[in-house]
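In what follows, chain A forms one complex with chain B and a second complex with chain C.
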Partner chain A sequence: MTNPNAGSAHSSKSLFAKLRSWEAFLTFALILIILVNSTLIPQYFTIANQINLFQLSIEKVIVALVMTFVIINAEIDLSVGSIMGLAACLFGWLFQNGISAEMAIVIVMIAGGLAGALNGYFIAIVGLPSLVVTLATLIGFRGLARVLVEDRGITGFPDWFDALGQQGLIGPVPFSFFAFIVLFIIAFIILHRSAFGRLTYTIGNNREVAEFAGVNTAAVKMKIFISSGLVAAFAGLLYAARVGAVRGDVALGFELDIITLVLLGGVSIFGGSGTMVGTLLALLIVLNLRNGMALMNVTGHIQTGVIGLLLIVSVVLPRLELTRLFNSHNSQGTKQ
Partner chain B sequence: MGHLFSRISPQTLRILALLVVLLAIIFFFSTQVPNYLNGRLFNRISSSVAIMALIATGQTLVILTRNIDLSIGSIVGFTAFATGSLISQNPDMAAPLLVLYAMVVGAAFGALNGVLVAYVKIPAIIVTLATMALFRSALVEFSNAKSITSSELPLWLVNFPNTVLLKFGQFQLRAGFAAALIVVLLVHFALARFRPARRFYAVGSNPEAAEMAGINAKATVFAAFVFAGALAGLAGFMFLARFGNITVVAGLGFELKSVAAAVLGGVNIFGGSGTVIGAFIGAILVDLIDTSLVRWEFVSEFSREAVLGALILLSVTADAVLMRRLIGLRANREKKLARAAIKEKGKTSEVNTPKQTGETAT
Partner chain C sequence: MKMFKTLCFASALLVGASTGAMAQAISLEGGQDVDMVLLPKFLGILVFDQANEGAQEAHAELNNPGELLFVGPTPENSVAGQIEIMTTSATQGQGAVMLSNNAGDQIVPSAKAAQAAGTKIVTWDSPIPSGEGEDVFVAQVDFGSIGEVMADMALSILGGEGQMAVLSATPDAANQNAWIASLKEVLATNAKYSGIELVDTVYGDDQSEVSYNRALALVDKYPDLGLIMSPTTVGIQASSKAMQDEGLCDQVKVSGLGLPSEMLSYTLNGCAPEFALWDFRDLGYLTYYTAYGMATGQLSGEIGETFTAGRMGDYTIEEDPGRPGSKRILMGPFTVYTSENVEAAAN
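So, the complex of A and B:
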């Protein structure tokens, strides 16, 4: 995959080169999907459907933002789905034990941060592979969630809490949508306009070199995993608010969907490259595609299959492009 | 002690450590749960571990080559269903043919993964993340939203996993477990002694060096995925025989469980080291904890996943720390030997480079 930052470094790149970028390809794909959807499905372009489309997957989409950081940093976090589940269940459990919803939210967010810190400790400080650590915590955090609620469902949250997830905050647009916009802007600024963002790329490209250059790589990784825990806990709370009930299997298996979103957005699994805009485009594509298929009565498993196919195509395509680029100018700096 | 530890190979040491952990867990629960240690425990765990043992074996082959197979659960689901519908339509089909069919279907899925990973050079985690979804939707299409029930299956198939081959008092060696055990041992000895199978280790520990040594790394990675697919197919057959009722969610979540079993069994997630026996013991550990916690009155049965996660984290951390110490011990021993050798030669002020130590130590 070409380094997307190479484009901005060589500002003399022609419009043609820009058009061939990954983001451009995703934009075309998105426009195509929207066109097909709107011609085939009459109810697609209604406000209700557009909001529904976002709201149904808003939790995954929010976690994909922080997952972009994790993968650019050349790590992976498989435990986000379980942290979401744990957060939702902890909220329900606290609430059931007579703690006010406001206080419960605070405690849940702290717990999310701690869960992320636990991942971060084993990855950044003990130095274990993130795939193994987060696989273990995927099982472990899910287990804690099940210990809290066992096989019951907890419901009956305060009205304001449920309303936050289910009703429009301004007009028909719900709170979670605004939360997503704000988080996206924050994530964009941190990744592309801050020193921390540069460090995220540098460490993802080559951890040893970053270390030799005096970067405290463990601290950066720790911060990223703590944020991942915090955002996942927030998303878990959103889930609880949207559904109005929690169970032990909240957000089960979400991690793979979230990782798919990020990879589809052009973030390299080897770290060091990818953009926030790519992730945004990918999640718009997936949401619209799924929505279109759902409205055409395609079952969930088949929808996931189509997304899977898209993922493979999205990785194969730039490779074909890459070989052509290599033939034309060999000096281009490329990864892999 | 140091000498003893540094003489046994790290792999053997890992297996011994795992066995100690296994025995410790059994001992612990036997003091906690009345009537725990008996033949029924063995029978229950051995029949439920048979399926996961096969999947973990395939997963180990793939992980050895620095890859991962997340589609393995979907392959198990698909082959279980495909095999079930084949036998329900042709009830007179011979058993070996049916097993072969399951393995060939599984291997075909594995080959698709293998081509994409080894030859198209897409990272395995992306390929198998995608094919996990694709194979699952293939199953949905193929099944037409119907499910297989055990009443459609011939009696020999349903009875196969629980057929008792050998009996020592209450301990029964059942056919399903015996078959899995044979496969695990075969793959283990092939990996340890059979020259072509050593390539999985060579490619996993250093792909470039393996290429230079004349090993076809692409073909090796491809083979790992095909074998993993075939083993998943076999596991699909066992799944069908054991459960009889197959729906579109069959085998869901097996991919991460198999990775967990392999990692718990000391298979290095970065490839190049680990044993199939280790992964097998890892699978047994997972099952043992699952089965035992349900019967322990002091914790709720819902805590078993939490315990399992903590155990994996603990074992991997202990493993990493111990391995670092072991490497340190070995280096020290070699240094000492080298120094002794140099003293004998009467050259006391010599600096010992690694090359020299290697020569003098042998």
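So, the complex of A and C:
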């Protein structure tokens, strides 16, 4: 057995058992991290810190929601960080050229959708591998962002725009947090309660079989990549509002953090399996872990190392016998 | 001591809007407990480690029972990492954050939030462009003076007259172009340098191999060339290596802006007898004194305020000529390195 998740021969029951066990493991890890943090760090459980914890990474976790669809669909989107950067820079550039912030937001969202459609066209219609296409657009969109703002930073956005990213919308809780909650609920319903969600899994498991069954796989993939572009553009705008300034290197390298979150959540890089709850647990783990390490003054290199170790564990562990161990505890012998 | 401080304060009030040079220097009282963070652009760069050494020296000297932290992001995550550390410092209630800013104005909201939480923001090496969210910038050198520094080194190396060529980074590097323009202006306007002829300006793209080849090409093209002036740490090292490898160090010397640790052997063997840079240990030391003074409330951070920064002497807070409305402390001048002092700085 080389790949526990890609085979379509699995009964859905064993698949669910496996996912449930991985989520149990993540929940256990999350509780452990929260316990350690709250014991060692007096400021950890303050409202201000809990808000900071989310806000510092809110753009990444929002994009992770749509990345869950992309990877379950057995594709990858490396261009999300560049689309975020392009969106932020395009907003800055339009604003600087006298276009109102409201109008600029509309144009940026359209551009994000188009950027996603460009990826989708080459992947779904032309049939090129998403790794290659989005690697090319990762470079291309970033280049465009840098051309737009050159080496300058653009700042001085309207107060309401900055406030949206920096101040509380209801009490101290910022707009971006509510946006995340709403998007999570939408993503959960689409993935787990809709026909589109089932198609996403089916195509991710085996595209040929899905096509034989008469599924329009190109249309599903196109929709997923357009959504990816739209959500990334939205996240780019949130970033611009949060930091109140844009520069060509906005969100540089974010795609890897986002993909890490999704893989840690138990989504198989080969497609076909994973859940929204897994992604949610993974992002809570990473956010709380990072916050704890930062408050304990752990430097950047070690933080990166710890997150990297987590990813290795998350990719390797499900492929080891340990998974069976979890399964034997959590299910009634569904393993073949 | 308290009496003295009160007197200082009173005299500062009396002097009012007069120039800082006239005000009496505030002597900082040590032993006060304040936690501070030294936040470089990212970790793993020698000059930032040196700045940390300087800050640690000042920390020990001022006998601060609080903690001095040296934390930074990774190079790939510099912007987001700096914002995160700034936010975390505010949560921790740090007395001051000493920031070498790599995030442009993106750092402003988190820096302002830290200020609102009572944390002083002192920038060094690289300021916040808009000056917002920043209490004061400790500037290493006055960048306008660099032309004169290079002309003086050329004068000394060439012994009064000779041919010189510039090997720069890229044709569109804004800082290098400004420095070369400043050099040309000094050479053209000051009679002291009339014996020096600037024959060419070439670009090594800040890549070692390209710079190496450009340096050799200069020697071929100008048989009477006496000096290659390279205002970039990559160019000066590559040129020195080229002259050394080809055994040309007796005819053509190298100078410019370089790191002592990288230039040590070339300075000792005479290929690059003089070069300049600022001392990052001193920069960290002065930054610590400034931040300590402000975090303990001994300095108000107003323009014209003068204080004594330990072994480095008196400094005055002034308006930053490059960023109107913002405040700076000018460390300057450049440190010129020769075989006399390069070894001490390289370690």
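Basically, the second predicted complex is superposed on the first by the 300 of 336 C-alpha atoms of A that agree within 3 Å, B and C clash if a C-alpha of one lies under 4 Å from a C-alpha of the other, contacts with A are read in each partner's own complex, and residues count from 1 in each chain.
Basically, a residue touches a chain if its C-beta (ideal position, glycine included) is under 8 Å from a C-beta of that chain, and two chains touch if they have at least 3 such contacts.
Quick caveat, the model's predicted, so the values are computed rather than measured.
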Touching partner for A:A48 - first (chain B), second (chain C), both, neither: second
Contacts of A:I190 with chain B and chain C, given as first, second, both or neither: neither
Partner chain in contact with A:A136 - chain B first, chain C second, else both or neither: first
More chain A residues in contact [chain B versus chain C]: B
Which of chain B and chain C A:V173 touches, first, second, both or neither: neither
First, second, both or neither for A:A245, with chain B first and chain C second: second
Chain B versus chain C as contact partner of A:V36, first or second or both or neither: neither
Touched partner set for A:T299, first chain B, second chain C, both or neither: both
Doubly contacted residues of chain A, that is, touched by chain B and again by chain C: 151, 253, 299, 301, 304
Chain A residues touching chain C - in the complex, by the definition given at the top: 43, 46, 48-49, 52, 56, 151, 153, 155, 162, 165-166, 242-247, 249-250, 252-254, 290-291, 294-295, 297-301, 304
Interface residues, chain B side, partner chain A - complex: 68, 70, 116, 120-123, 125-127, 129-134, 136-141, 145, 248, 253, 256, 259-260, 263, 269-270, 300, 302-310, 312-313, 316-317, 320
Footprint of chain A on chain C - complex, ascending: 42-44, 69, 71-74, 76-77, 79-81, 83-85, 87-88, 91-93, 103-110, 113, 129-130, 174
Chain B partner contacts - residues on chain A that touch it in the complex: 76, 78, 122, 126-129, 131-133, 135-144, 146-147, 150-151, 248, 253, 256, 259-260, 263, 269-270, 299, 301-302, 304-309, 311-312, 315-316, 319, 336
